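Please find one structure pasted underneath; my questions will follow.
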């Protein structure tokens, strides 16, 4: 933990761990969870990137450094968060992990090393996070609610459909779905809620002038990009679901999206 | 409207219409929506059945009689609700519609007339309700939110997978999904949120002693039946989603369900 | 049977029954099966339509009249075919059944009576045919191959995805998929192979000049419409599959189709 | 090429390349294709394993050594096969790639290194093969049929559904599906048929006494394991499909399989 060492973990406070940090979904989740009384740990490869420094100003948000494709680093992350704040009951994996070098490259053109990087940074990192979450949550006494904790994976349109010139990303996204499905079937009967949220849209990060901006799709003033603050509400609602009625998968898209 | 003729519709109050009335999801939705400030119309073939009489005691819940498989009756229902309460902005179709006579009958044994009854009572009734909702919501001025209203279909496991000895029900459920998908693609760009909630479980109606009871699966004291009060929360959350992030489909199942 | 009364059924000859008759898939299947030694019965509402008269010129193809939405007529059809030719071991349901009046009509505009007609002519007719096939094939002694017979449903893109302004057709197509899934799970363990072939394309009927023509998509000289003679090969291959390796579903589309 | 150096490639002969070699699907495909006039190259990590030595006795089957998880080795394999036999027009990727060490391991127990091995050996090897096939087939002049070649991926039940205690395998299988979907959408419009065959069953290798044997499921005398000779027929049929009617996916399962 790079900040706020004075936090004293409490049995009453819920701990969330968000792995992956961008100005979109991760930042919105961190703020929403903090506003709802969570102590929030957020981890990125570079803990000093601007969005992290901005989030770290919030008393309930704590920034960590972690390369999630590395199993040992993820183990250390969970150990550090648990020592600093307590064991997380909500874990969110929100890493795209796509190598810039394979963006819109055809099967014949993509570099196999970058395909592997994408698999490691996106799908294997999800496995690493899932594994530590499973170990940690299994170790908890079963609360009266029967709900030991929640693990949520963010996923993309490419898991619904592998698009042309997007093979590596489709491989990573669908691998992540395979993990989420398998983990849900294994761990839900143990009281661990596993879910994935598919963002079938560009996520538009709010700008100062009220517009939204997406790294690839540009700027819009309309509602045709997913608002990350709205997405964050769904993550919180999933975590709050009663174990008699758990959703495994929710796909979110704007009103005017083609699908 | 069979009750509470004194309601004076208000621009500020939201109107919900629930078609289909059992002691499970419909009753839970009616109570939750009423508790959240909605005026609620609820319609069943027999408006005097016990659950309806019980719901009608609530000042904000209003009971109507309608055979939803009959297009003319559905048109009259919407006209009556609109006249009595105002145009609904949330419409829920929650009719199973399965003929008792085809329950667990094989393809060789089922009666074709009952297969047709099931298609009419379940899938065609969904179309009838969808059509009136589309007409009514399209007629509204577009509010600042860009969200003219929400139509939610309840669906069952059989839409995910057609089980043996369940052909007629699988036909009706999957037909309903076809309707919902087509309607979503048509009407979401006009500001109408279309969604379906798949209950991949038995719905357990709470009993006086704290147990839950399902018409076919019997009684349980555990959380292995879906709690209709929890399901109702999802319907309300879907209606409250911002149009930048609409979910089309959510499947709910208990922690220990096989799937 | 309207023709060739001299046929003497033989234990060695396979009997196929095709319900639905157009110049595309049904005609191609009839010709291919006849060329492969089957006695072929083909049924349409109007047994005297041009394609039927043309097919009836083939000694091994026999035309019948049947409104497949009517359970009693389908029962009579199977009785007549069995009496004339023998019990069919390959049954193909190839009825689109869409009412012209609901083509490209939105949910608000479509006529509920035509939606019901579409459900009856497409999905209920599939049930009627499936039921008679199940009864007939179950009655056969189990051959050494363990394969009592094959039932194949033709289906359309709308079962993969409900498109805008296509609600009734999506309902009917997905209902048919529900039937096929349920029936496969029920009857495959009894040695009856159930399959559906999804034509994710326009079917182009060969014209005299080598072009292909589709009722709605027009004429093409390219391979961008599905060739019904090629489709028919898949039906025959499905029927010939060994019971250790049965395919339930095959979707066929041209090389340049968007999907 | 480790055998038969005397082969003289001919424009008329079709060349098939099978990557992955076990006694099941690969061996059956090799024999069937050879019997149908193909020159067949088959590659495995260990070209001297018993099944390879057995296959190499056939004059039209040629064995190669290749670690398909290594992009450079796959490039060399295609170069060698092309030099020896000619450019392949049918490429089959048939590698399971699952590390024995993660078999039936839960998410908490599996070793992250073995998860990565599984992704590399199964999904990345599929990418490597797909890439070389795309480069090679694209380089061909378009034949009159418009069909430059076929790439077929073998896949498993885990791509349809991620089972408990099978996360790594589900990840690899679903990644492979993402690759196949993306590649099909990219390359089918260029005349390259991309397909995947899902074996939703144990593959039973024929034994001398007429029984079948599966490495994990044991021995059976019934038809409840998929017969690899039957599976091979489907691969050949897929390759022979006309480009107006290409199937992307076929799942095969025995008559009595639960699904």
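Which chain is which? They are A, B, C and D, in the order written, and residues in each are numbered from 1.
Here is the rule we go by: contacts are C-beta pairs under 8 Å (C-beta built on N, C-alpha and C of every residue); 3 or more make two chains touch, one makes a residue touch a chain.
Remember, it's a predicted structure, so these values are computed and weren't measured experimentally.
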Smallest count of steps, each to a touching chain, taking chain B to chain D: 2
Those chains which touch chain D and also touch chain A: none
Chain C-chain D separation of Cα centroids, rounded to whole Å: 32
Whole-Å separation of chain centres (CA-atom averages), chain A against chain C: 47
For chain B paired with chain C, centre-to-centre distance based on mean C-alpha positions, whole Å: 34
Touching two or more other chains - residues of chain B: 185
Chain D to chain A touching residues, read off their complex: 71, 106-108, 110, 112-113, 115-116, 119-120, 123-124, 127-128, 130-131, 134-135, 138, 158-159, 161-168, 170-187
Residues of chain B defined as touching chain A within the complex: 146-147, 185, 188-189, 191, 193, 201, 204, 223-227, 230-231, 234, 237, 241-257, 259
